[in-house]
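Chain IDs A, B, C and D follow the sequence of writing; residue 1 opens each chain.
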């Protein structure tokens, strides 16, 4: 018996769960965890099922026609295969360090198939990339198109399923953002929608807020407006300088991004228009 | 179409979800929310389904034989009927005040069918009980059995489904605790298992902890050892006196107890041996 | 020996603490709690001292010339006299209820000298105002000036030191906001600067954030831009409807506003340009 | 002008702050941050002053006689000199990794003068110790005394001011614990006083708590009973297995230990009997 995960969404109507779980039973599957959500606002239905089954590919075949009859967005995958993940980074390496560490500790079940930076290898101070290939893709205003072509090539060659912007300080072109829709996660260093744009910790200091935060969201062509996956905050005080906010913020960013990557890699995250459904 | 909730637990085996949801579909039901959990430690399966159906009682009848074939603990109830709730209190009325207020604001969907105190009405400073009958059931070491008989009578007469010890400073007899198993919730003013027993805030102050908390749990004959439903904490500092801990603790107790009562009244809480399953 | 509190701010320069505490010692005072903060950005110095002294008024007199030599903003007050507080409210009474309750429990050391609403007494469902005079000050676009004159009169007559907008759904005129600068606290039902303006919980739902919050701030003519005193948040999920956000938000608002009122009433809050200093 | 920090405690009596700040002023010092606390329970006074002064050593000399007259525990140190820190670790390296990273990011102002493990270098998977000498001090029941002698030697040779047990899975002898009193910090992987002793996450799982935590405390001969410096928690659910608790716990442990080390290295932590005073 092997473990598999089925994730699907479709317009709501009676009988979806019965159809899915009935087929699973008929094919000899055993459900180990399942969650459903019906969004009354969009009338959209979301479901995630983890199950054990002897022959996963056979179930996938059997499921195809059922999925068609409900016009589902869906995928089924081997739960034991780590999600192939590509990480983009600039000079701040704290999120990269954290993702590498959690992966090594088996807390994140991802396979880091590559690391891309717009800066050379030695701009990142971390010494051990644990075997992940490093790609230097420098960029200027003039060479953006070429650089993104290089990134696309690396995505294709590595078979990356998930692309993580781990404090990557470049804005993706609309075209690339669109093409990566639903599988590219960014960490923004503010509690969105507050403090969009540049230098959010300085904005937060100037505004005198009493908590700072970070936001992991899907990348879309609308900068800082993509569907939010996870957020976290920490209390601050009048005595915190912008530099101390940046330092406190680093650990919030690490935590929040790791939470989003973990949820995504376990097929717990669904796009729902401008919003997300995240099954705990 | 009316709204109903089905909550069940049974030993795990393949086909439970398919059987339940298949029957629901065949009876014309539409699932609006569903959660399952399979506890690998106890090999026990838990499920909560909220659904719309034209004829709930008919479904209940149909469900009975299915439930027997899986040896389920289960109940089905009209989601629109508030849970009949009896509140026991001593002199501290902050949790009572909070439950009354949240009920009035429709945040808690409960029907407060009575309030019992071991002190007279005027020991509680709140002036408006919003129509809930008040029962004075005084108790001494000698009269405990009689007092508990009176409490049992009030439970029976009021049809209370849930009994809440909202800072009720008496210990229930083993017999009463056992008879109310799984439907009597207590709020303990510490982050259990730390600081069991009397005066937990003074214990916390003496130990010098940096956070205090509160714990809502099912009452069992083992004092302060019942299955935990909800917990909450707040940071404190060296400058907090025991009196300030008590004041801070009051709002933690209110929040945590309200969370537990809300979850219970929505059939989201299941006993699982010494532990609980709580569906968000 | 009686307890007093001295709160001061002035431009930073060497010798302030020595001068203040030297005078205190010479006058027979004993410091029980003291905090200082030097804001490197504004080069402004803030100090709060709680002390016991036999003759407080005599110390106040002695302090006057010292204060002048440092060009201080300052006040000294009897720590045992509750802060005279006026509460403005519209229809939502959860913050009012909470402030009344915490005052009754001696958690807030304030004297509620009046409650003003733009709605009649019976629009507020709470039955017991614990002796606080209720003033109905209705308002329309045309009568705003008259209504604010009535409010000013009540402030004067009651000797209110602190004015709390406890979900008061009217915008103060620039003139009144300016005149109450530094002693009028509002609770905004969002985690500012996100979701300014109307219906913030609906905005939050639409944006799909994963946490909601509340913000207590000083009222200024710039709507939702006043210096922030306290903030709080709570995690939410995709399953929370706007109505559930409003319900969750109520308890955040209560907590955050109570925290701000408590800090203010203990002279722990200082304006610092667009920001605040809040000594824990 | 250089930055210095003065930290002191003594029995409370009038005039301490005036004496200290008066001397500072007379010696040309300028206070940048100061905090005092008078513990009404122990009648003990605590003070931390950060100040700029041209000649720190001269002030230290002048302060000596003042300190004697108040029978103070005190020290004055150059604020720009990082605290010399020795880290002890066994096989779990997540806290070590985190301390190294935060030190490299200048978030912690410590100088890691050595790393001791009871396991060989390759038991720790981190590859880069950033120049900190590694000492392998193996231990068996029989060789404990010799091993601790080796540890003492390393402490002496390295001039370590702070000793951090960063998931060091050996219990110090009473003698060593006593000799390191007030400068040896341990991270315990539970929210003390709950779940003392071995395998706390398994205990937490069995008990069914809804939050787990970690505690940084001073080491004393009483195991898990030392004065607490910092604590942190995170919410968990019925679905969290012991392994997931261990993974979630790792990041709580990192955060809490880093917070304690940071506070200690900035002279913000004072022993106060079985408790601590920690100035934010």
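One rule holds for everything that comes next: a contact is a pair of C-beta atoms (placed from the backbone, for glycine too) under 8 Å apart; a residue touches a chain by one contact, two chains touch by 3 or more.
Which chain is which protein? Per UniProt: A, B, C, D = Formyltetrahydrofolate deformylase.
These numbers come from a predicted model, not from an experiment.
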| item | value |
| --- | --- |
| Numbering shared by both copies at the subunit D-subunit A contact, with half separating same from different | same |
| Between A-C and B-C, the pair with more C-beta contacts | A-C |
| Taking each chain's C-alpha mean as its centre, the one farthest from subunit D | B |
| Option in A-D, C-D or B-D whose residue-number contact pairs overlap A-B by over half | C-D |
| Geometric centre distance via CA averages, subunit C-subunit A, whole Å | 41 |
| Where subunit B and subunit C are represented by their mean Cα positions, the distance between them in whole Å | 36 |
| Of all residues in subunit D, the ones touching two or more other chains | 33, 37, 40, 237, 239, 280 |
| Interfacial residue positions of subunit D with respect to subunit B in the complex | 37, 39-40, 191-195, 206-211, 213, 227-233, 237-239, 241, 272, 274-278, 280 |
| Contacting residues of subunit D [partner subunit C, same complex] | 13-19, 21-22, 24-25, 28-38, 40, 280 |
| Contacting residues of subunit C [partner subunit B, same complex] | 33, 94, 97, 101, 104-107, 125, 127-128, 237, 239, 247, 250-251, 255, 280 |
